[in-house]
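What follows is a pair of complexes built around chain A, which joins chain B in one and chain C in the other.
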Partner chain A sequence: MRNDSSRTVVASSAAGWPRARVAKLTGLLALVVFVVAFPRMAADPFILSVGVIIMSYAVLATSWNFVGGFTGYISLGHASYSGLGGYATVLLILHTGVNPWLAMFLGGVIVALLAIPIGIASLRVRGASFVIVSIALVLILLLVFQSWGSFTGGSNGLRVPRPFGDEVLRPEQHERFFYLHAVLLAIAVLCWWLIDRSRFGTGLKAIREDEDKAQSLGVPTFAYKLVVFVISAFFTALGGGMYALWFGFLDPIFQFSILTGSYMVLMSLLGGIRNVFGPILGAVIVGYAMEFFKAQYGDTQIHLVALGVLLGIVVLFMPDGILPALRGLVIRFRPQATSIREVTQEELTRDATGSREESATDRGTGTKEEVSG
Partner chain B sequence: MSDTEMQPRAEPLAGSLATVGLSKSFGGVRAVDDATVTFLPGKINAVIGPNGSGKTTYFNCVTGMIKPDSGSVSYRGNDITGRPPHRIAQAGIGRSFQLCRIFPRMTVLENMLVSVRSGTVLGKLVSARQRTDIDRARELLTRVGIDHLEHAEARDLSYGQQKLLELAGVLMADPETIMLDEPAGGVNPALIDRIGGLVRTLNSEGKTFLIVEHNMDMIMSLSDHIVVFDRGSPIAAGAPEVVQDDPRVLEAYLGV
Partner chain C sequence: MTGSLLLQSLVLGVLLGGLYALLAAGLTLYFGVMRVVMIAHSAFLILAAYLAWYFSQQTGLDPLLSLVFTVPLFFGVGVVMQRLLISRLRPATLTMMSVLLTFSVALVIEGTLGFLFGGTHRRIQLPYAGTSFEIFGANIALVKLIAFGLAAIALAGLYVLLKFTPLGQALRATIQHPEAAQLVGINTDRVAGYGFGLGLATAAIGGTALALDSTIYPSLHWHWIGPLMAIIVVGGLGSIPGAAIAAMALGLGQSLLQIPLGTTWAQTFFYLALFATLMLHPQGFFGDRLAQRF
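And now, the complex of A and B:
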């Protein structure tokens, strides 16, 4: 019996696995080479600055995907954490004079701590209610940061001290921040991947599929959701802090904007929330498209219309995102290695040990039998 | 195995699952009404009753999915009333759902690896694909007869196969008590026999069963002890032969 089950594994996996792994590693290597080489290839500082923006979106979308991708809880209000991260970083620099990078890290920790009570309150509700709670938080923070002028600079905004000296020129600034964002992205991706393959991650994905069922199997669902929510808030805050240091100016209306949160959701959904690289692909496409439309059509709101259309297309034709859709195409054009074989009533009723040998042989030929289970 | 009496008793037996005065109302409807029941450890217990008699709500109160309004649930001498479902699962009570529930977008093998019995925080961070867990998952899949489907997404399985997967998934945590909500619902007769056979074998290995079921043939041939519910309350309990001839049971079912 032991022998038989191992044969099944080989039959269904030997054909695809090693090649898939080689393809994945090659793709990853190509991505790393591209990221490292990008600043050299960028034609001018503007292109480089677009690269920084896309990188920043990739960090934010990947951070969002800790909650959205694993648990299926769609937060439209993740701008709360990027905004808080940005303000925490800058206010720490201004009031305590700590090193900007330490301030960014501390900002992340502060936001993570704030995310604990927020998570406890908001993760009790599911579906649409959770979405609304997440939006409400952004709006509250927007009002607070606009009104509390003495501390936050209010609607006038807050000028961010440069982390690099004045001798570092703009293009050089862009290049450094491009790489810094890339490092932050790599850490977030690594963390996401580690969770994805862990027991913790399996529990989280079970929550996405069926929360009550997961709990009935012993998964402490609330604790799991809360932990991943805090991790998500932490990375989102780091992303917000780093962007603030690059951009040099904070305004509540842009920091606590529903749009920023929506972009994170759109990018992740577009690329595919079940894949570690989904949000990054989404960030590249949406980020590029947005900058393109802004550059072409200036101050009009056409880029928002384009994004709306894009979201509609994704929901209608690729509900799982681009990466799963591509994967589906690859599988369709590959010779069918295995297909799911239905089991007949006779096989089911037959004594388990007696039927093993027979079913193992027709498994090899891949005959499809009448559905009857 | 303990040679417990077959008579229903008001006070809980040592080591058994029991409820005392369990009640749950939804609005004006008393779905479960003062249910005092003791199940026999090491036996196949059945809960039967007409539609709407509160069986599933009772199940949900016992497993923590619903908080009862009053009354208590005890298991192996511990009061587990109102504990969250995952704590009850970790205490050793596994359950299936009325309309089979699996994780549709995960593979069969991943479905098997969800269940958690205990473990440290560090243990949660290691790869989900531990050799021992995977071996155990494959063993159980082989046992229920769907081991050849381990790489398939669960949603691609037929309903009967999903039922088998759900049962195997519950077994992963090695629960001492297994609660099945309509295991024969919506599956063909051959598979009903197969599930019945699995229940019998597992019971002979020491598992206690609590089965809610409408299929009388299955219940009568399988169970050692039957509790009959009507309008939220247990109205009779005993061995199949005894319950079968009980006038109160006939009245509940036939309305005579």
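And now, the complex of A and C:
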């Protein structure tokens, strides 16, 4: 009997939400189909390489969003972890000769371990100090990796051995790396989604809304922040390592650049940090715009101005991102189905008395209403 | 290490620390009046240095004369920036978003400078660039002394302004307690704008001082923002004396460490100090407990 009733509740609630869920699943399916089909549709290897870059940005932005989206701590220095991940991968391959993919994973683990003391130091402070520390970390690492030439190759950079044999040509490589990045992205998105639905995620979001209140309600704020920080560093390092294997060359100026970190922030904010697909949407828009600017204006400094203006516009006018703005638009133009409506006090009392009379005359429908709701 | 080398480094450390102190005081002002960390501070510093360079290039006059128009210009820009950009942000996320907003301003400045003047290194040719004199075996370049003098005068001016004028009183009241300042009739919005203007004016003076004796290029501001940020965190966010003391101490430390370590590794001193401060004393050595929250 109890089983029966719970099943009917589930069925009726599923029936009550069919459109939203179907739309979501269709959207997800369309996204997957598009990603799988993209290398076939790409007209030439250049377009495909742009696809790989955008995919890589999507991985990095999603990884960034573990910290930025859940806890609201904006890190401008996530390039430290992608750069460290890239260098760890390549140095492991060069010095120990392990399999490149194992090296990439080990690189991620090493960076995650390094992120523990860094997190302990930087998460003790909030807001601005946290951002300062994240920037400082990139600047230190840039200094170290440029100066420590004997180990890191210094300013000359490091050549990365190709993970596939010489018989795999460049376009083929692009295609393989596109799919590999897509798999990594899918894992990161799945992780984000799982955390989002868990008690852990609820605690993190409580930190974002009001850290003091969360703490006084018993959320172990520091431990939660540290764990999610390490997860974020791990995925960022994997993304950095995979990008290094694809790109084939590491230069400290580009690996430890504040710009890389600010791209991650811009993409996530633009798409919407509270949504699992926000950073991906942001990566597509910003990545495409960047490649467009490079193709149109070459190597001038104008792309910095464009990045700055875009970031400023997003921060000033759209701090919640595109996806929430779109949802707001949909809700506004959809027929009002929510229980909260704008009614005057008179209407409210009239409705209340009216429905009381109604429920008195027809009690049966009233209870049925309650069960399905 | 000989005595004269040590003395030389000490003197250079003090001269450098003076410039750091002025710039860190500007950063502290922004933070005090608005709880804003101004990443673009060092970008404005480089902008002022470029303006000084361009001025002396075009007119052939001494770059110090460019202060006559850069200081009022930067003050105005600061007031406008606070009124039009910073005050539009939501109070709940002001600190984080202001970092991003000022970061984007820094990018726009760097990109514009790179677009207009190119990435080449620029240097002002001064007739007195080679002049130097000796004190107890330490060799001090005249331009470094002028730069220090500028910074010292500006800091002293800022001190007098904050301590003895009505505007200074209003500024300090706004920094200490904005609501209470409003209750006693201070227009804190306007005062915050003036605070921003003053902060940017310090960047104008610092930039001119910087242009006297160093090579400038558009992306130079990244080398300044890191140490400056480290200074204000070590000194305690929001405390001007703390910022000045930390600036002097860290400037001296960097200068002394250059002897055994070389210039590149000596820069890491700032960041080590920053991390040590966060581990031992997160609110900084002169800040109040409030600083930890921002």
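Rule of thumb we're sticking to: the second predicted complex is superposed on the first by the 321 of 373 C-alpha atoms of A that agree within 3 Å, B and C clash if a C-alpha of one lies under 4 Å from a C-alpha of the other, contacts with A are read in each partner's own complex, and residues count from 1 in each chain.
Everything below uses one rule, namely that contacts are C-beta pairs under 8 Å (C-beta built on N, C-alpha and C of every residue); 3 or more make two chains touch, one makes a residue touch a chain.
From a predicted model like this one, the values you see are computed outputs, not experimental measurements.
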{"item": "Chain B versus chain C as contact partner of A:Val183, first or second or both or neither", "value": "neither"}
{"item": "Partner chain(s) touched by A:Gly127 [first = chain B, second = chain C, both, neither]", "value": "second"}
{"item": "First, second, both or neither for A:Lys205, with chain B first and chain C second", "value": "first"}
{"item": "Residues of chain A touching chain B in the complex", "value": "1, 5, 8-9, 12-13, 194, 197-203, 205-206, 208-210, 212-222, 274, 338, 340-343, 345-349, 352, 359, 363, 371-373"}
{"item": "Residues on chain A engaged by chain C in the complex (per definition of touch)", "value": "72-74, 76, 120-122, 124-129, 131-133, 135-137, 139-140, 143-144, 146-147, 258, 262, 265, 269, 300-312, 315-316, 319"}
{"item": "Residues of chain C that touch chain A when the two form their complex", "value": "31, 35-37, 39, 85, 88-90, 93, 95-97, 99-101, 103-108, 110-115, 119, 218, 222, 225-226, 229-230, 232-233, 237, 264-265, 267-268, 270-271, 274-275, 278-279, 282, 291-294"}
{"item": "Chain A contact footprint on chain B (complex, rising order)", "value": "63, 65, 84-86, 89-90, 94-95, 97, 101-106, 110, 113-117, 119, 123-129, 138, 142-143, 145-152, 156-161, 169-170, 172-173, 188, 190-191, 193-194"}
